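Two complexes come next, and they have one chain in common, chain A, joined by chain B in the first and chain C in the second.
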Partner chain A sequence: MDLFVNILLGISIAATPLVFAAIGELVVEKSGVLNLGVEGMMIIGAISGFAVTIETGSFILGILASIVAGALMAFLFGVLTQSLLANQVATGLALTMFGLGLAALIGQDYSGKSTGDFPKLDIPFISDLPIVGPLIFGQDYLLYLSIILVVAVIWFFNKTRAGLIIRAIGENHDAAHTIGYPVVLYRYYALLFGGACAGLGGAYLSLVQTPIWVENMTAGRGWIALALVVFAAWRPGRALLGAYLFGGITILQLHSQGFGINIEPQILAMLPYLATIVVLVLISRDKTKVRLNAPASLAKSFYAST
Partner chain B sequence: MKRLFGMIWVLGALALLAAPLVSTPAYAQKTKVGFVYVGPIGDHGWSYQHHQGLLELKKAFGDKVETTHVENVSEGPDAERVIQQLAQAGHNIIFTTSFGYMNPTLKVAKRFPNVKFEHSTGFKRSKNVSTYNIRFYEGRYVAGIVAGKMSKSNTIGYIASFPIPEVVMGINAAYLGAKSVNPDVKFKIVWVSTWFDPGKEADAAKALSDQGADVLFQHTDSPAAMKLAEQKNISAIGQASDMKAFGPNAQLTALVNNWGPYYVSRVKAAMDGSWKSTDTWGGIGQNMLNIAAWGSKVPADVAKLAEKARDDIASGKLHPFTGPLKKQDGSDFLKAGEVISDKDLSGMNFYVQGIDGKLPK
Partner chain C sequence: MTNETLLTLSGLTKQFPGVLANDNVSFEIKKGEIHALLGENGAGKSTLVKIIYGVNKPDAGTMLLNGIPFSPTKPSEARAQGIGMVFQHFSLFEALTVAENIELGISPELAKNGLRERIIDMSKQYGLELDPDRLIGSLSVGVRQRVEIVRCLLQDPQLIIMDEPTSVLTPQEVDVLFQTLQRLRNEGRSILYISHKLEEIRALCEHATILRGGKVVATCTPAEESAKSLAEMMIGSSLTLPQRETNTPGDVRLSVEHLSLKNEDPFGADLQDINFEVKSGEIFGIAGVAGNGQNKLMEALIGERFCDGASKIQLDGKEITRSGPNDRRKLGMCFIPEERLGHGAVPDMSLWENTIVTARERRQLSNKGFINIGAAHEFAEQVVNDFDVRTAGIEHAARSLSGGNLQKFIVGRELLQSPAVLIASQPTWGVDAGAASSIHQMLLKIAREGTAILLISQDLDELFAISDRIAVIANGKLSKPENVKDLTIEKIGLDMGGQSQESEIHAEA
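Entry: the complex of A and B
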């Protein structure tokens, strides 16, 4: 039974960085902007969170630093693509390369250092219950934050005026502009949120999951998050599901090898990608609905010509 | 249009200004040495150790060498481009330090017959391409002895990357070492299909620890598994470099790759003209592989046992793969007293008897 709980714990740890990065990018894309720099913002979040935690000894400051650093990266992207109207795809790719390089530079003095254990929720008695205790009431604080964020984004898009405006801008920025909404300003907001989330995802990797700093440690998670957004057909709940599915299969295949189940590891390594694609394709096979969900102005530059 | 011409003019002028910097005729006597790394220097593993070798080179020759290194070069077409650029820029000797650089290195070497190439861990050579590698399995055998003695659950976890002979012989050697001191020892092997993904390596280490492994081996490049062992209060063997910083209590020992002496000797040969295409496979005895200091947990009698194996391997008295030895399926591999040939070793594609699980193809 302990093993069962441990496997589920492993799954939630593997999924959380993806949840953060995917939910952030989802909001960005809903506003009509395609930021391919998720990997770069994540790695900057990872090193900023790690470095500040080491320097100050405070996890809270570290997490805040990762949020600010990720948002700063996104702000840079915003200046280039929203204010200077640079091509979003090219700028996003550049942001990833810039982030990886800058993080390596900042991180030179931090490899080989260690933080303590990240604080976990600990409610007397309740956290000690079997199974539900460690799983639901005993995880690290960031994991709860990731779930709360997803719920908040669902609520934001469906129940608030600002959420509706962002969706409208993502669908047709010219129309939104005609009505009088500040397109560029809202896109900046969305970008900053996306950057902050990606930064958090990176910090989760360097402060909770591993917890060490090594160069390039995001190892492609930013790209997986980007793919999750598309496969989830821009629906927050499905992005969460996709991230847990991906993390789940990753962990299960590692465990199955430990148990001596003989499947070729190449196939096992492929499984998380395959399973996530298959499931998300199945649940979003209604083409009209997907097209309705996809922001129509995605990756198009907006320029108010007056 | 006018602006465009202006820009071209400025760029051209800049190029003219920069040209002397690139060709540097004044330093022609200097030996230029190039290095290509597959990972970042900051990986604290494979590429880090190669870079330590480069630093040793600088220390040994000072002003007489000029070194260039390129990090994070992925195996494939990108590698060929980087190696070609280094050769074009006038490097006299180029070290390509990952298995996947084998064919790109040979290709570029053909175009630059006067440049000397050194490819690490490969098996194809030509007139101006040497190969060099370390007998890592020797260290794994010694570490296996420590792991076998230290494991209380008799379960040793092994994080493996890809099922190539290099990794397979490492698993076998570690198992034989552990088995020689602990007949009940079991290996749990997890293939992660990557050389470097700290998150996944940590996940694998966690899975192995959850399944009862209390000593971890790894054949991947990041220190994430060592860090996890420290957190879970179990033990681990460091890979490629000393990982004590990540596991002050967890690290039992580490296999430390020592490329420096080889690099110094090869560059020296290139300088005095005695360089020839060779195949080097050195181990503990040749000082190419070092065993890091024993961790604080390792008791004196275990350390003594391991040190004896280390010294016997160094002197040639002991070979980890000595018969009688059977393959996993029970068929005979080595007769009593027979020592494995280097050819069989470098093509090893089977588990030895006693290891559970199927070796992937």
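Entry: the complex of A and C
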């Protein structure tokens, strides 16, 4: 039973950074912008959160720093692609490379240090219950935040006017402009939110999952988050589900050796990435579904000609 | 109609880089009148209404609304003061529902409570049936226009601007629209009606203001003018109509059998079992409202997409069903696609480079994979001279030409390849009347010389002016072709509406 609980705990901890990054990118893409720099924003969030926590001793300041750092990276992306109309794909790739390099530079002095354990929810008695105690009432605070965030985004898109405007801008930015919505401004808002979420996802890696700094510690999770958005067909609930599926595959790979399954570890390590590719191919086959949910203006630059 | 003035425009001027779009435009719109704004493409109509609707800011000039200075800086301000607009290319979002689309176009206060009920009430009251939960993408163009009109009416506007509202409708839908407009006028609202369809304006509008080159060139009472005199005021010169001689068609040059093609866009129409043939010397017209499969048909004929299953396309008796565009060109098929920039021509390439794109084989513009620059220059010069393309030179990029001139260049480039079959989609769309008339002459001339021409168009006047036979495409199906002399606009209009659309209206009622 302990092993079972441990696996489930492992899955949720593996999934949470993906939830943060994917939900942020989902909002960005719904507004019609493709930011491929998620990996770069995550790693910058990871090092900023880690460094500030070490220097100040405060997890809260560390988390805030990761949010601000991720948003700053996204702002840079916004200036380049929204105001200066640079190509979104190229800029996103550059943002990732820039983020990885800058994080390695900042991180030089922090290798080998540790922040200690991140605080967890602890309700007397309830958190000590078997199984549900640790799984539902004894997780770290950020994990709860990630779930709340997904619910909030669902509510935002379905119940608020601003959410409707963002969907409309992603669907047809020219029409949105004609009826008088400031396309670029809304896209900046979405980008900043996406950057903050990616930063938070990065901080989860360096403060909660493995509370030490290792260069390149995001290890492609930003790319998985991007794939998750497509996997989810731009629906927040499915992005959450997808993140836990991928988290599951990651943990399965760690535990399979324990079960005595004899597969080369390299192949197992490939699993989450292989699954990403397979799922993307399957999703793209159904063009109708993609058209109904995919933002039609995705990755197109908007320029108000009149 | 009262004699009170609703909106006064005085001295409006708007400069864009390279063009003076509006030059000292002044006129007034009375309360309870339908006022026509006439002019060719590029005459400055769109710029002017965007100023009234608060999208553009004038460089000079003032407006008075009910005698009070009026200068909206954004559309929501214009809407708040009683200006509504129905756009030509609808400002609607396909993946959102009718109700969501309407909510986006009105003020947040109006959108708050019971919007669905008010949409249903308003649409019943004006006989414009709508289902608030349908996705826009699943609606026909006529119904989409209703959505825009209902959205406009929910804000109780004093002035409704309508930009080319009939260009996308079937003749029957036009009648319904006119009834609605007359009803709105009787309620005391004013309508600014933009069009270049002269008969419509004569039937509907009390006053007309005519723009040419950004200036007001005339104001008149349309009922007292003839369509010809209105046209001449609009283009500033006399107009020659295409001359057609009766000709006897020859052998079948293009034959299409059982052509089916699935549309990857869930909102687009699938082509279903299309059969027709085009004979030498014949112009075969395909009418239809936009979005009924014309684009797919064009792609299938060009060879950009191969058709499904039992489809069979033959050119001069030779099967080309599985040949790509270049092979089809080699055999003598030439194409004038609807989209000039990006499909008909590469926008950033020079005119001479653009000749190589399609005429490489038939005009020997390349040799063993190398471009023959001299030959391409010569050919481009020939197109420019023979077809009266106004350009500063063949070194200039395609995008620097005006719509009409670029279209003349593309038509010329294809015609000089002496095609066996010419496929043209909307060849005069967005082209000024002078250029349109000369393109029509060119098509008639090459048909006389033996080319089989397939003309896909939404413009019924164009189809009736130059085609020999016409069929209608509706929902991806082609009706039985008929000789033009046996056809009436009403008959075509019924086919354009299509059976499926009627059942859709029943389902909603």
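One rule holds in what follows: the second predicted complex is superposed on the first by the 281 of 306 C-alpha atoms of A that agree within 3 Å, B and C clash if a C-alpha of one lies under 4 Å from a C-alpha of the other, contacts with A are read in each partner's own complex, and residues count from 1 in each chain.
The working rule: a contact is a pair of C-beta atoms (placed from the backbone, for glycine too) under 8 Å apart; a residue touches a chain by one contact, two chains touch by 3 or more.
This one's a predicted model, so the numbers in the text were calculated from it and none came from an experiment.
Peer 1: Check the residue A:3 against both partner chains and state whether it touches chain B (first), chain C (second), both, or neither.
Peer 2: Only chain B; A:3 stays clear of chain C.
Peer 1: For A:287 in the superposed arrangement: first (chain B), second (chain C), both or neither?
Peer 2: Touch partner of A:287: chain C, not chain B.
Peer 1: Classify the contacts of A:180 with the two partner chains as first (chain B alone), second (chain C alone), both, or neither.
Peer 2: Only chain C is touched by A:180; chain B is not.
Peer 1: For the three-chain arrangement built by superposition, which of chain B and chain C touches the greater number of chain A residues?
Peer 2: B
Peer 1: In the overlaid three-chain picture, which partner chain does A:217 touch, first (chain B) or second (chain C), both, or neither?
Peer 2: It touches chain B, and chain C stays clear.
Peer 1: Which parts of chain A are touched by chain B and by chain C alike?
Peer 2: none
Peer 1: Can you name the residues of chain B that touch chain A in the complex?
Peer 2: Within the complex, chain B contacts chain A at residues 39-44, 72, 157, 163, 188-194, 196-200, 202-204, 206-208, 210-211, 213, 222-224, 227-228, 230-231, 245-246, 356-358, 360-361.
Peer 1: Going by the contact rule set out above, which residues of chain C touch chain A in the complex?
Peer 2: Where chain C meets chain A, its residues are 16, 47, 50, 54-56, 74-76, 79, 87, 90-96, 100, 103-105, 108, 111, 135, 264-267.
Peer 1: Which of the residues in chain A end up touching chain C in this complex?
Peer 2: Touching chain C: residues 161, 164-165, 167-168, 171-172, 175-176, 178-181, 287-288, 291-293, 296, 306 of chain A.
Peer 1: Would you mind writing out the residues of chain A in touch with chain B in their complex?
Peer 2: 2-3, 6-7, 10, 13-14, 17, 104, 107-108, 111-114, 117, 205, 209-212, 214-221, 250-251, 254-255, 257-260, 262, 264-266, 268-269
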